[in-house]
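There's a structure below that I have some questions on.
Order as written gives the chain letters A, B, C and D; numbering starts at 1 within each chain.
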Amino acid sequence: MSYGILIVSHVPEIAAGVPKLLKQVAGDVSITAAGGTDDQEIGTSLEKITQAIEDNQADELLAFYDLGSAKMNLEMAEEMSSKKIHLYDTALVESSYVAASLLQAGVDLPAIEKQLAPLKVKGDN
Amino acid sequence: MSYGILIVSHVPEIAAGVPKLLKQVAGDVSITAAGGTDDQEIGTSLEKITQAIEDNQADELLAFYDLGSAKMNLEMAEEMSSKKIHLYDTALVESSYVAASLLQAGVDLPAIEKQLAPLKVKGDN
Amino acid sequence: MELTLEKYLVWMKEFAQKISDQKDYLSDLDSKIGDGDHGNNMARGLKAVSESLAAKKPTDLTTALKITAMALISKVGGAAGPLYGTAFLEMAKLSGQTTDLDQLLVAAVAGLQKRGGAQAGDKTMVDVWLPIVNKLKADQLTDEEIQEAVKSTKPMEAKKGRASYLGERSVGHLDPGAVSSGYLFETMLQAEVGK
Amino acid sequence: MELTLEKYLVWMKEFAQKISDQKDYLSDLDSKIGDGDHGNNMARGLKAVSESLAAKKPTDLTTALKITAMALISKVGGAAGPLYGTAFLEMAKLSGQTTDLDQLLVAAVAGLQKRGGAQAGDKTMVDVWLPIVNKLKADQLTDEEIQEAVKSTKPMEAKKGRASYLGERSVGHLDPGAVSSGYLFETMLQAEVGK
């Protein structure tokens, strides 16, 4: 079972930038991202998210998002995908960085989730 | 007293993208950002941070960063600047978004800080 | 009260027109307590719905509902996309078994709440959908009831969506998604969908 | 033990050389428990130090220390920049009053700890600086003591910096900033700075 990371942001630049931060510490982890609408405006795109899920080389993904509407689209994409997706309501940049570091170090999912738990900052709105 | 927002990231793209997300909900708030090293590599630059502080039209700044070394450079820049800088150990994207929304709505600093408090995710390492 | 394909297409045409007419107003509302794009989002979405329906010429209600859902999901770009999209998708799914408008809308609102997690009083479109579906079931839906439901969101404090970050500062403004949902049901009455 | 400008320049030259020689090794160490750039960061920083000292030809120690600090702060790009930079800046500040090496290094390590908040045992460069400054004060500093201090970081669990995200996985690796700090003090002995 291989784990990858999925980043979903409202902004194309954020989606492009976060993987760069993560890749530094997790060269062997597959990291894909979706940002902005189909027209590169601020928002999210189900199509882009679906594509980022498919493009990811792992079969089980840890997914991180910025704001609530990204989460809704992520959940729709999840329902349509055969890959298992673990969705976290944690700080986008900080928690995806922690997850990437730990995946690279070969830490297992329960231990990673334990370190992610205190980074929860949303999900109620 | 006017308040602005300062974003410091290790990645140029993140520093470019976060203000776009914030500008959507805070058109009247001055938001500036510094990302990457002087050579546009992953890291932070005291010079870029200092420039972003100066470029900000406000005289008091709420500052957000991604990882610890950005914080150290932010603190150096703060010591060298005449502007008052409030530095938060909160989730970069999510908390700067909340701060921007509230500044735009005219909420005062103590009330903003109350809403930022639960978004603290770092500062101990 | 059966929803026929013919009436449904009239409904969507009128809804798209209304959204297009009110685009700037919806975005203005959204700029007060959100990011100011709800009108643009909805207009983009409904344009896609109209174009997709015109291009694909569905011959049954289920297909028409599914086309609507897909266009909204893929083109709106904001929270309203997955929300309206899920509502229409749930109607599409159920429409194989029944075309009763009440039942379809009950399924729609359940999907909406599942997707967004909003309850009554959270200052979202759910505050229009829930009372309207109830009035419709009681055969008491009027334009006044719709206006009433839309206005009820004004004094509420937002608990979901971008407006929730404003806390008590969200009080005193209409919820933009509630307003666009009001248009959906107004045009439903105009199109005499359930008659 | 007075630090003279002349000896200081020799020291920095040897330190820059050592960092340049060990660049890949330092980055390799950093790739185990960090982002793999410590060697590149330090090499870039020390290159800037050498160039800046060569270009500005400082005629007093304070200026030389300040030039070093500024080059490190602006060119390293990682956590080591503000950390080493602050250390040299504190030395520069104090050097107007005293050029005693012990006292300068005591000020440096205080600055380092203020900047980064690390305590002894947190698996950072502080775990080299603290014991070495103590040994130096006791006039007992040797290459073996330096090696000892560097190696002491191996069994530690990181509490500061990127390595701290790895928790117990950081155990069993040398801290890259401790290793580069070891080079700083080795070359200090080689340059017979305090003699």
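Keep this in mind: contacts are C-beta pairs under 8 Å (C-beta built on N, C-alpha and C of every residue); 3 or more make two chains touch, one makes a residue touch a chain.
Just so you know, these numbers come straight off a predicted model, no measurement behind them.
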- Chain pair with the higher count of C-beta pairs in contact (A-C, B-C): A-C
- Item | Centre-of-Cα separation between chain D and chain A, whole angstrom | 37
- Starting from the mean Cα coordinates of chain A and chain C, work out the distance between those two points in Å. 29
- For chain C and chain D, let me know how many angstrom lie between their CA-based centres, rounded off. 62
- Would you mind listing the residues of chain A that make contact with two or more other chains? 24, 42, 67, 97
- Query: Residue numbers in chain C touching 2 or more other chains?
  - Reply: 35, 37, 162, 165
- Task: Between the chains shown, work out who touches whom and classify the graph as line, ring, star, complete or other.
- Result: other
- Item | Which chain pairs touch, all of them | A-B, A-C, A-D, B-C, B-D
- Message: Which residues of chain D touch chain B once you look at their complex with the stated criterion?
- Response: 35, 37, 41, 73-79, 81-83, 85-86, 115-116, 158-162, 164-165
- Query: What part of chain A is in contact with chain C in the complex they form?
  - Reply: 37-39, 41-47, 67-69, 72-73, 75-76, 124-125
- Tell me, which parts of chain B touch chain A in their complex? 9-18, 20-21, 24, 35, 42, 66-67, 90-95, 97, 118-119, 121-122
- Residues on chain C engaged by chain B in the complex (per definition of touch): 34-37, 162, 165-167, 169
- In the complex, the residues of chain B that touch chain C are 24-25, 97-98, 101-102, 105, 107, 115
